[in-house]
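Given below, in the form of structure tokens, are the structures.
Paired with chain B in one complex and with chain C in the other, chain A is shared by the two complexes that follow.
Moving on to the complex of A and B:
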């Protein structure tokens, strides 16, 4: 059983910007461990020199003309999803502590 | 008032003035008010909006009866999965993170459907962020299966399926990343289309796993599915994966249909097997050539899918920071947390090669399997079950995420390969629950799938069966 450790759960929750309670850490350790164990069945596939596939369109470098779109969002619409506005800007939580 | 099941009949009624579009909307709204407490398919009913659109439609009809040619969906009533942005109308993705989010623009598909004359009646429930195979991961409560409310309607397009099946709308939109249109369609006696990856724009549709997400729709008839596909497909300049492809012209000869043995080897329920074999017999008896084929990497589909999909999900959901719109990340439900963390894990330093990179290579093997049967063995289309079981009971799989993931075993492979697949109803289990099969084809073979589906539907009357909501 390879599974996943509690410390790994805490580590990936930090990377994912999710804060977990102690109970959640226990619950997710078990559930994620089972899933990780299951997906390891891929080790049985003979791959040799198989190339990876990241998308299926067979397209590369799709460009559009470099023009300003006429149907973009104006400032008012762009800010319509938040009440935390200051002088036409998004107000964000501070990331530095006051000293 | 008897509401017809298909777009053609509905438009015929409107032409003959059997009822007006306004009366039609009132009929649907009254049904929703009467029955949807039990089903929980709608998150938002846009009553006022629907009546104002209906009025406009009635005006168009009274001025010129030939408008149906210009507006192929004129007078039809649509419910959008709550993953589709609708300007001015709340869009939640089934998650508390977006419980009060009102978009300032609409998805391309919603715009095209509206421009074709359809009337939006509201936004329907789904598993939060389209994560699920039962509808039970919605933060706004599970949707129930109208054929028996103790059972799940399937997911993630749970409300899309339950609303059309319940007679609350003419058709609905959905998204299918690993089976989220096909499985609920088949759990509700409906037709569900997952188009070729790149056939329909995802602009304005909340992203889950970007190399897999497809936008499609749920209808009662295959013919309606085709009518809507003609409206929504094609380049919009806002989703760079979309191409105006040359679609395959369906062969006029009797086609060769492949039956993949691996799809029947995964512990298929006996009744599903029986019904799908009967459907295959319909084609055989009509003279179609039926050949057993092998897609040897089928059994690795779920593992491959749950690595690639969660990796992409973790990236897409990282944009929800609660600053520009929506709530903070503590409002994510358990399933979103699991997928974000699993995706972060398979992409993280030290694990990337063992999980993510490996899965992308197995994906190539799965694509190769399909290519072989279509290109080398001369198979025109593949027929297989959609779900290994008929609809299952509510709460039967909620405690075991892995068991829930395995519900996708027959749908994820076409998704990984970017192929179109059409789910078609093929009868009922002994206790009256719907069962469906899927027709999978090569890329951009949608019209071949429609031709086969239309033929099958002409050979039975499943479309006329309706759930009893009074029960």
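Moving on to the complex of A and C:
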């Protein structure tokens, strides 16, 4: 079983902005490892004659014209999902630097 | 002491001036609007919302790429770039990774022999705007998010690191700004953030004057959050100085992102670069890929107007006006069109292109006369009034001298007072259209020949 390493779990948690305890790292290493192994069964499929693709719908060139739509939200509706508002803005903890 | 050559590359972001956003029908004109009033489920990243690509934005990106002499990828797609930040509601930005619309371009730096290679030009969505609130103590230490900018089409152009001096960087960027305005795809206004600059810079130790690829340094420092050409110039100079100091002492320059402090005129560290930024790109499953036909690309190409470089060349060849005049006209397309229309209307040798350009630029007559027709009518009127041709003046002088032999005799006997009288006679004959100084000179010449 290849699975994933503890360092990989820690790396993913950092990217996800989640802090994990030691126990959680062990727990997720096992769970994520199982998922990776499961996905690995795809490697059994013979694909020699199949061109690589990044999609499943076989559609191309789906565009719209540059027109302003009517399905916008007003400010009140836009902010309705949070109580953290300030003068029409969403309010978040201060961030001075991009991380 | 070893000599160092700067190695500079650029990243330029340009917000497109489409009517609607990149993936939804919200208005893209977001500057100074009430916060969160031009938003919808798509650009707020609400669950279940689906992006729907704006074709004009794609077309404009390709047009920009063609103008930068790029190759257009016949197959292209959007990808998701993942990172967490409050300005990015979905947790990813829709961008382009391995198949950007445009690749491998090259662009001439104005007034220079050097060409810069363009690595890629791709299309992505802008992020929301963050406002940092310091204000009253109660709300201290919060940031505010406005999603009006979220999803506005944003073009990113990346050059190869081929600039070796700051002047070239600035003239390249000014030319890009002008080009984008000629194409009409963006206001490229840096104060409003519709054009944003980033530079990466390192120093190479140079043995010869020309850099070899093996001399390239193994680090780079990125300068971010620069919002004017003037700032970029200062920031680059300050950073070159800082790196020189470190390298001369035998030190190593840390690979990182730095900002610029204008008051202290120094750059400062913003963060140490993590391993490599891990954006976990993958193809955007909600937007089918894009395939361009040859005709489609030709079609877009045909919509490109005359660009600044071609205009400079043509103005010089066609009108022979000075470089200074040309530059003023090229910088202001409307004014240049006015000038050309005026030359066309004037259509004769009486008014030279030089004098038309001179009157236009030095006296701002295009502001006084709305129509080039009025402008030319005015120029013709004043040129007739003040400037009879030399031939007309000389003919008039001959006539006056033969009609006034007594005055001529007086002159030769030493009475120079008669000159005033003779000038008056000549001017009368020219109906006041002669230039006094020219009449006087020609008259004296004629008298002395007599």
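The working rule: the second predicted complex is superposed on the first by the 90 of 99 C-alpha atoms of A that agree within 3 Å, B and C clash if a C-alpha of one lies under 4 Å from a C-alpha of the other, contacts with A are read in each partner's own complex, and residues count from 1 in each chain.
Throughout what follows, contacts are C-beta pairs under 8 Å (C-beta built on N, C-alpha and C of every residue); 3 or more make two chains touch, one makes a residue touch a chain.
In this text, all values refer to a predicted model and were calculated from it rather than measured experimentally.
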Going by the contact rule set out at the top, does A:9 touch chain B (first), chain C (second), both, or neither? first
Tell me the contact category for A:86 with respect to chain B and chain C: first, second, both or neither. second
Regarding the shared-chain residue A:60, is it in contact with chain B (first), chain C (second), both, or neither? second
Scan A:19 for contacts with chain B and chain C and give back first, second, both or neither. first
Which superposed partner A:94 touches (first chain B, second chain C, both, neither): second
Could you tell me if A:41 is touching chain B, chain C, both of them or neither one (first, second, both, neither)? first
So, A:31: does it touch chain B (first), chain C (second), both, or neither? first
Hey, what residues of chain A end up touching chain B and chain C alike? 15-17, 54-55, 57, 59, 62, 64, 71, 73, 78, 81, 90, 92-93
Contact footprint of chain B on chain A as seen in their complex: 4, 8-9, 12-13, 15-20, 24, 28, 31-32, 34-36, 38-45, 47, 50-57, 59, 62, 64, 71, 73, 77-78, 80-82, 84, 90, 92-93
Can you name the residues of chain C that touch chain A in the complex? 18-20, 24-27, 34-41, 44, 46, 52-58, 77, 82-86, 130-133, 139, 141-147, 270-271, 278, 280, 283, 285, 287-291
Listed in rising order, the residues of chain B that touch chain A in the complex are 101-102, 104-105, 197-198, 211, 237, 240-241, 243, 297, 300, 302-304, 306-307, 314, 318, 321, 323-326, 329-330, 332, 337-338, 340-342, 344-346, 348, 355, 357-365, 367, 401-402, 405, 417-418
Under the stated contact criterion, what part of chain A meets chain C in this complex? 11, 15-17, 54-55, 57, 59-75, 78-79, 81, 86-99
